[in-house]
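I have a structure I would like to understand better, so I am pasting it below and will then ask my questions one at a time.
Residue numbering begins at 1 within each chain, and the chains themselves are lettered A, B and C in the order written.
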Amino acid sequence: MSLSKLLERIAQLVPVLLGVSVIAFTMMALTPGDPVQIMIGDQAITAEQEAQLRHDMGLDRPMVERFFIFLGNTTHFDFGESFYHKRPVADVIAERLPATIELSLVALVVALATAIPLGVLAAIKKNSIFDRIATVGSLLGVSLPGFWFGILLLMLFAVHLHLLPVSGRIGFDSEVPSVTGFLLIDTLVAGNMKAFGDAVAHLILPAITLGLPMTAILMRVTRTSMLEVLRQDYVTFADAKGLSRRRVLFRHALKNALIPTVSVAAIETGSLLGGNMIVETVYGWPGLGRLVVESIFLRNYPLVQAAVLFYAVTYVLLNFVADLLYTVLNPRVKL
Amino acid sequence: MKDALLEVRDLRTVFETRAGRICAVDGVSVAVRRGECLGIVGESGSGKSVTFASVMGLVKAPGRIESGTIVFDGRDLRGLSPRQMRAVRGRDIAMTMQDALTALNPALSVGEQIAEVLEAHDETLPARGAARRKAIRKASIEMLGLVGIPSAETRLRQYPHEFSGGMRQRIMIAIALACRPKLLIADEPTTALDVTIQAQVLELISDIRAKLGMSVALITHDLGVVAEHCDRVMVMYAGQVVEEGPTTEVIGAPKHPYTQGLLASIPRPALRGQPIHPIEGQVPDLIGLAPQCRFYSRCTQRREACLAPVEMRAAGPAHNARCILIGGDEE
Amino acid sequence: MSLAAETPAASETILRRNLATFTGNRLAMLCALIVVLFVVMAVFAPWIAPHDPNETDLFRRLQPPGWMAGGEWSYVLGCDALGRDILSRIVYGARISIFIGIVVILVATTIGILAGLAAGYLRGWVDMLISRIVDILLGFPYLIFAIGLMAMMGPGLWNIIFALAYKEWVIPARVVRGETLVTRELEYVEAARALGASRGHIMLREILPNVLSPVIVVATIRMAHVIILEASLSFLGLGVQPPTASWGSMVADGRAFMLEAWWVSTFPGLAILFLVLAINVASQGLRDAFDPRFSE
């Protein structure tokens, strides 16, 4: 893809990102309840102090002007002050982000590592018992409500069998100094294998719960595209060349079949963001998702607004990456 | 046949579909001699491609070979294990497909697609390491040169879509011929090409056949191509062979009404101004065929005797046709 | 009779043939039947539920299901922390899930069809505007968008419907726009245009019947999603407010008693799973029958 085409695609993102910001702004700006009152809480202050506060927060200006101030602040990551934490929103989010990213990445890896082999196998053994089980399994996977499945896993493996921890990212006795915020890395940096194992144990159930719907979807996509590819002339031609079955399946068929899988995976990574709120709530995972849910009940609106915007921007960018991946992997598609 | 490289006898290949059983190849016998070019002619659905897919062991489900023998170079191919069959494919028998655009893998470089055949079959290569890679590269460049692709060295890294249609066809031929096979099955090698390039590709196949001394089975629906390039020709209709013989005889004096019809439907410069005569009607549905002559419904010379099964009859020393009009013992 | 008038009739027979294909698929029919049973359960909840769903009885606090020690068959699935009958709450909870599912899909599909037809048929600035809005709304992960709206509006039945439909319509809109772009070029539409039919007539009478099949398929698949989304919002405490029974909030209620009373969370979750799974299987049957392009 040429640079100019790439720039054109990036330029197309601008109106979408702008629209997303408008919605994120109005969503919170129109929220009933006076932010000043919420911030004051039950402190006793004078009317002048209140007016001053309102002025400081820019709430006495017209809506349109407030939007542009909001947009300007956003570009340098100034999302205002978190009412609850009494700290800048950006700091609070940054602090919670590694936990969410770590969980999402592990879920993504788990999903890809199970979905692709299962999908390929189902396609190769089309209409076999295995294929049928896999099809039923994937239907079940998209039909399971994540919050309920998470609770079932918790009840079984943590509460009753005591095999895995109930909540959090790591046990109190395994805490290690934070370097990257990613516990899988930090525990290894600290050279503490016991803590690493503990972090892994804490990750297992949340990662499975979060990754399950994605696994189901990716498996179906892989199966369908593999079946499609196996019908292609180039697979017959590869067979006619007398190549080994392994080479025909993996080098010729799979390489093409994975093109849709990878771009769907990028899009679905975006939907992991939504799943995070549920999974982090179920497993008491101290990430951004749970922070947002808590903030809603604390009426900590600047934080909710920033998080909604953050999620939306990430989602738009992931879809953009999905598009790019599709192009890069597919030498035929020239933009 | 004495000097036959490939000899197929009574081949039956069937497809079990939801609509019923389709006998795509029904008792076909065919021989390809060493060094000759055999043309196989017929409309789509006549079974010509399925016959040779059966030879290659590439009939896909729900199709399967029901009966018959396939002997290649003294070996019974139907008795081989899948692994042994893979060793024959690409090394002894190679195939090119109709459209190189779909036959070449879009996601792999041309170099890799040539190299992998050599990798799979060529036993003269050094066992491993840089020497092997170098030898494969050298052989690949040589093959591309052989089929007339200029600056082969730089083009190995390119992908199929970066080549023109004619070039892609040449690349596919280069891949098929990389291991110097004894038999090349060329399935409609010109259908997907422009007229000007068609002739080039056919010339190329003929040249290489002479150079390598291999046999070619040229599957086509174009009798003109056959007249120019084939030593012998076999005409297929609805899963059966209806006529076979030396090209000059079959084209000069066709015995089967179907072959006659095919020839009459070709526009010829010599007959400019005269109407051409397409064959009326359509190929019969292969499900639930009656035992009669399969061309019956479209034949201009049909009679009652044609409603009984018709066997191949000798129309000359090496010329046979499946028609009761031959030999004069019609009722 | 004009050519233009004949084609919708032809599409009606296609619809009928598709329906016949669908009814021939036994598994899909079974699942459709299960969905119907859920709907019947929701509609006739007061007659089906054995108890008042909101009647608390502290003597029955966390009473186990009927077949377990300490259980009673008249409270077959056991009771929650307030001693309310879980089965009765599931029966009443179906009302919330199904009502929200149906209303959201009806509203979203209606808006989506109108927007998609307008964008695909009128083109020009209308298409630009609608497509931009669709792109922007697609820029939000669904659940986060709904959570954001619920945070703003506060909980409540109609707020949930608004929060879900706000984004849901873009999905049928995209489908209809794509189909309309193809259909508007077909001969019979050209013929209707040549005969001087109004734009409204062409869109609603000529094009709409032909794009309906994929819309129906998409609508059923999306219904399953909407039901899970509603349950997720209720689980997070952003759905209908207590004491109204909803499946998501019932699962949430049981979290605190995982150790001693597994049944509180398990049964309402199973209800969601059954309904959603049945809708998914039935809609896959619909898709195979109505839109063979997508079947494998």
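For this structure, a couple of remarks:
Everything that follows uses one rule, which is that contacts are C-beta pairs under 8 Å (C-beta built on N, C-alpha and C of every residue); 3 or more make two chains touch, one makes a residue touch a chain.
Not measured: the values here are computed from a predicted model.
Chain contact topology: the protein chains form an open path, each linked only to its neighbours in the line. Across A-B and A-C, the chain pair carrying more C-beta contacts is A-C. With centres set at the average Cα position, the gap from subunit B to subunit C is 55 Å. Distance between subunit A and subunit B, defined via averaged C-alpha coordinates, is recorded as 54 Å. Note: centroid distance subunit A to subunit C, computed from Cα atoms, is 24 Å. The set of subunit A residues touching two or more other chains is empty.
Of all residues in subunit A, only 15-17, 19-20, 23-24, 27-28, 30-32, 139-140, 142-149, 151-152, 154-155, 159-160, 223-224, 227, 270-271, 273-275, 277-278, 281-282, 292-293, 296-297, 301, 304, 307-308, 311-312, 315-316, 319 touch subunit C in the complex they form. Across the interface of their complex, subunit A is touched by residues 56, 58, 60, 82, 86-91, 94-95, 97-99, 102-108, 116-117, 120-121, 159, 161, 172, 175-176 of subunit B.
Listed in rising order, the residues of subunit A touching subunit B in the complex are 232-234, 236-245, 247, 251-252, 255-256, 259, 329-332. By the touch criterion stated above, subunit C contacts subunit A in their complex at residues 132-133, 135-145, 147-154, 224, 228, 231-232, 235-238, 248, 251-252, 254-255, 258-259, 262, 265-266, 268-269, 272-273, 276-277, 280-281, 284, 296.
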